[in-house]
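Letters A, B and C mark the chains in the order given here, with residues in each chain numbered from 1 onward.
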Amino acid sequence: MRNIQTVAANTFREAVRDRVLYNLVFFALLMMGAAILVGQISIGIEENVIVSLGLTAISVIGIFIAVFLGVALVSKEMDKRTLYALLAKPVKRWEFLLGKFFGLVMTLTVNTAAMAAGLYIALWTVKHPLLKSDAFILVAVYLILLKLALIVALALLFSCFTTPFLAILFTAGIYVAGLFAADLRTIHGVDLDPGALWLMRGVSYLLPNFQNFDVMGAVVHGRGVPAAIVWQATLYALLYIAIVLTGAAAIFSRRNLK
Amino acid sequence: MNRRSIHGVILSAALLAGFACVWKLQKRVDTERAALRFESDELTLRSPAVLKILSLEYAPLMGAIYWTRAVQYFGGKHFAHDQNLDQLWPLLDIATTLDPNLLIAYRFGAMFLSDAPPRGAGEPDHAVKLLQRGIKANPEQWRLYQDLGNVYYFDKRDYLKASQAFETGGKLPGALQFMMIMAAKIAAEGESLETSFALWLDVYQTTKNADMRKNAEEHLRLVKMEMDLRTLDQIADVYEQQTKQRATRINDLAQAGLVSGQMLDPNGFPYVMGELGKAEPNPKSPLREEWLKEKKQRSNEVKK
Amino acid sequence: MGMPQAAIEIENLSKEYPHGFLHLKKKKSLEDLTMRVEDGEVFGFLGPNGAGKSTTIKLLMRLIFPTAGTARILGKSIDDVSMHGSIGYLPEQPYFYDYLTAYEVLDYFARFHRLTASDRRARIEGMLKKVGLDTAKRIQLRKYSKGMLQRVGLAQAILHSPQVVVLDEPMSGLDPLGRREVRDIILELKREGRTVLFSTHVLSDAEMLCDRVGVIVGGKLRGIGAPGELVDMKVQGMEILFELSGAPGNLPLLAKATRTGERYRVQLPETELYAALDALRAAGARILSVTQMKPTLEEYFMNLVEADRAQASAVEVSGK
C-alpha cells in the first residue's frame, strides 16, 4: 500500500513538472473563452453552446492526456531504464503499476477539476445566477473522469507488451470501437447469419462500452441524470478497470526488461 | 501443477468471472439508458455547410456515416414504436449535402419523410426538397423522378405535378415505359386504386432496401384491400338491384351466388358488411385501424 | 554442514533469447552458470561486452527471468522481492527521473525501504556528502553530467546500508578522480563487512579491488578465483630498464631493446640476467630497475577471448 502511494505521488509530481500538461490546460481554458464568444453569436442558446463545447473540450483533452501519458507511464520508464533501479527495491511489479495508474488518475482529476471550474466561470459570465440545474454538469464531468480512468488502464495494459506507438494506436482504436459498441447491439437493417450476429453481440459486450459515460445530451439541456445511470457507470468502470489492471499486472510481472 | 500454472488458472478464472459480471451489468445499463436515449436525440452539429467544411476531403465518407446514422435512427425508432422522426430530415439533409450522389439516401428519404406517421415523418415538403436536390446533382437518374411523382401523388395529392414528374422522368434515357404510362394515367384520372397499386408494386419489386420493401408491401396490402372493398361494394349494389334490399352480411352475397366463399383481406381476415351496407375490413384485422384513419383523413380533407 | 552461508549462490543459471526473424532461433546469452560469492568478499565479474555479465546481474535483480537454473541472495530465492531490502543495485549507465533533484531521487528510492523520515533525511544528507553531490543536491538531474549521475546511482544503491551491493560497470563514464572515489567507496564497503559484486572490463580495477574474479566470455564462466590464482605464477623472464648515453656499437643487447630517448628496456630469460648486467655495466650504462615478468590478468583474459572467438567461428564454419 505504501509503495503504491509512493509511486503514485511521484507520478503525479512528474505530470505536474511536465510542461506539456500546462499547455493542454491552457488550451482548454482558451476553448472556454471561445465558447463564450460563440455563445454570444448563437443567441438564445449560449448556455447550451458553452456547456457542450466545454464538456467536449474537457473530454477530448482528457482523452489525449489519458492516451499519451497513459502509454508513457510504463514505456518511458522502460526505455529510459529508470525502472531498473526501482525494481531492485523491495517493491512488487504490480505495486509499481497500480502506483502509476493512480498517479495519472490523480493528475487527470486535478486537470479536469480545473477545466470544470473554468467552465463554470464561463457559464457564470454568461448567465449570472447559476441555477441548481447547473450542478448536473458536475455529473457529466464525473462520468468523463470515469471514462478517462478506464482509458488510462487500457493504455497501461497495451504499453506493457507493445511498443509505445502501437500502444497508442491500440488504445485509440479500442476507444473508438468502444464508442460504437452499444450500437452494435441495436444494429438494424443488416442481414447476417445467426453465428455472425452472436459473435457481434459477444464482441459488443466485451468491448468497453464508452457510451455508458455519455450524458452530454441530457446535461446540455439542463436535464437531470438518473442516479441509477451514475452508480451503474461507476460500477462498470470499477469492474472493467479491475479486469484490465489485473491483465496488465499479469503481463508485466513476467516481462523481461531490455 | 506447478505454481506458475496454478496462477494462470486462477487468473483466467478471475478474468472470466470479471467479464461475466461486466456482461450482466451492461445489460442493466442498456435498459436504463434506453429511457435516456430518446431525450438526447439531437444532433450537436446541425449545419450541413459547417459539416462540409469540417469534413475536408472526407465529405463522402462523412456522408456515408450520416446516412448510416439515419438508417440506424429510423430502425431504432421503429423498434421502440416511437413515432417521432424529427431527426430524420436533418440527418438526410446533412448526408446528401456531404455527398450529393448518395442515391439511396434520396430514395429512402423520399419514402420515409413523406409517408404519414406511424410509417414515416409526415413531412412531404422536406421529401420534395430532398428529391429536388437529388435531381439537380444526378439529373440522369430517372428513378428520382419516380420518387418525386410518388410523393406528389400519395402525400401531396397534387396530381398535376405528379404526372409532370413521371413524364419528365420517363423521357430520360433508360427510363421504363411504366413512367409514361403512369404519367398519362394520372393526368387522366388523378387518383385511382389501380394507379396506386401499380406505383407501389414497382417500388416493391425494384427496391433493394429492406425497410423500403417492407413499407411498400404494407401499402400494397392496404390498396389491395381498398380494391377488394370496392369490388364488394359493387357486388353489394348488384345484390341490392336484384333483391331490393341492402345486404347485411357478406354471407348474403355468397348465398346469392355473387361471391364464392369467404372474401379474405391480405392479412387473411374475412371482410364484413358494415352498417351502411358497405363492405368493411374485419374488426380483428390490423388493416382496419389504418383504413379508419385513412377514411377520417379523407373526410377531413373534404370538409376543408 | 558448517559452511558459512554464501551471500550469493548461483546454480545452473541460464538465459536464452528468441532470436532472428520469426523468433525461432534461440540465442544463449548465459549458459549454465554455477558459482558462489562469499559473504564479505569483493567479487569482480570480468568479460568483454555482451559476454553475459550484465545478463547475470539483471537475472539476479529480477529484471529478467531465467530460462533455467536458480539463484539465492542471502539465502533467499531471487523471486523473493522482500529480500531486495537488503541489497543495493547500481544499473549500467544509470538514468533517473530528470525532473527530480538528487535529493528528491534519493528520497523517492529511500521511501521503499521503510526508514523513518528523520533517518531517511540523515542518510540522504550523509550519502550526498559522501559521493560529493552535496552542492548540487537541489539541481534537477537533467542538468547532471554522466559522472554525477553515476554518483547518484551509487548513492541510491548504498543508502539503506545493504548487506550485498551489486554494481554494474560502476567505473564507466568516470574520470580518474571519479574512479578513485568509487574504488574508495568499494573498499569502505568491504571494511564494513558488506559483500560487493561488480562487473567491469577494466582489468586493473579488478586486480586491485577484488578478492576473487569470475571471467565470463560468450555466456560461459571460463575461470573463477583470486586474480593471482588465475594466472600462472611462473616467472616468464626478467626485464631491465637502463640508461645509456652515446651509442656504443658493440652491445648486441641494444638490438633487442626498445628505446625511448636515452632509456632502454630489454627483456631476456632469467638465465641470461647476470651476463647482461655485466655487459651493461661494462658499457657504462646506468641500471634503473630489474623486474620479474609475470603474465597479467589482461593476457589471461585476452587469451580466453581469442579462444572463444576461434570456437565461435569454427562453429559457424562447420554449420555452413
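In the analysis below, contacts are C-beta pairs under 8 Å (C-beta built on N, C-alpha and C of every residue); 3 or more make two chains touch, one makes a residue touch a chain.
Please read all numbers here as calculations on a predicted model, not as lab measurements.
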| item | value |
| --- | --- |
| Contacts common to subunit B and subunit C (chain labels) | A |
| Reference subunit A; chain at largest CA-centroid distance | C |
| Chain occupying the middle, per Cα centroid | A |
| Gap in Å, rounded to a whole number, between the CA centres of subunit C and subunit B | 85 |
| Centre-of-Cα separation between subunit C and subunit A, whole angstrom | 48 |
| Interchain centroid distance [CA atoms averaged], subunit A/subunit B, Å | 42 |
| In the complex, subunit B residues that touch subunit A | 11, 14-15, 18-19, 21-23, 25-26, 28-30, 32-33, 35-36, 39-42, 44, 71-72, 74-76, 79, 209-211 |
| Subunit B partner contacts - residues on subunit A that touch it in the complex | 52, 182-183, 185-189, 191, 205-206, 209, 211-212, 215-218, 221, 223, 225-226, 228-229, 232-233, 235-236, 239-240, 242-243, 246-247, 250 |
| Contact footprint of subunit A on subunit C as seen in their complex | 58, 61-65, 81-85, 87-91, 93-97, 99-100, 108-109, 111-114, 153, 156-157, 166 |
| Residues on subunit A engaged by subunit C in the complex (per definition of touch) | 2-3, 6, 10, 13-14, 17-18, 80-92, 254, 256-257 |
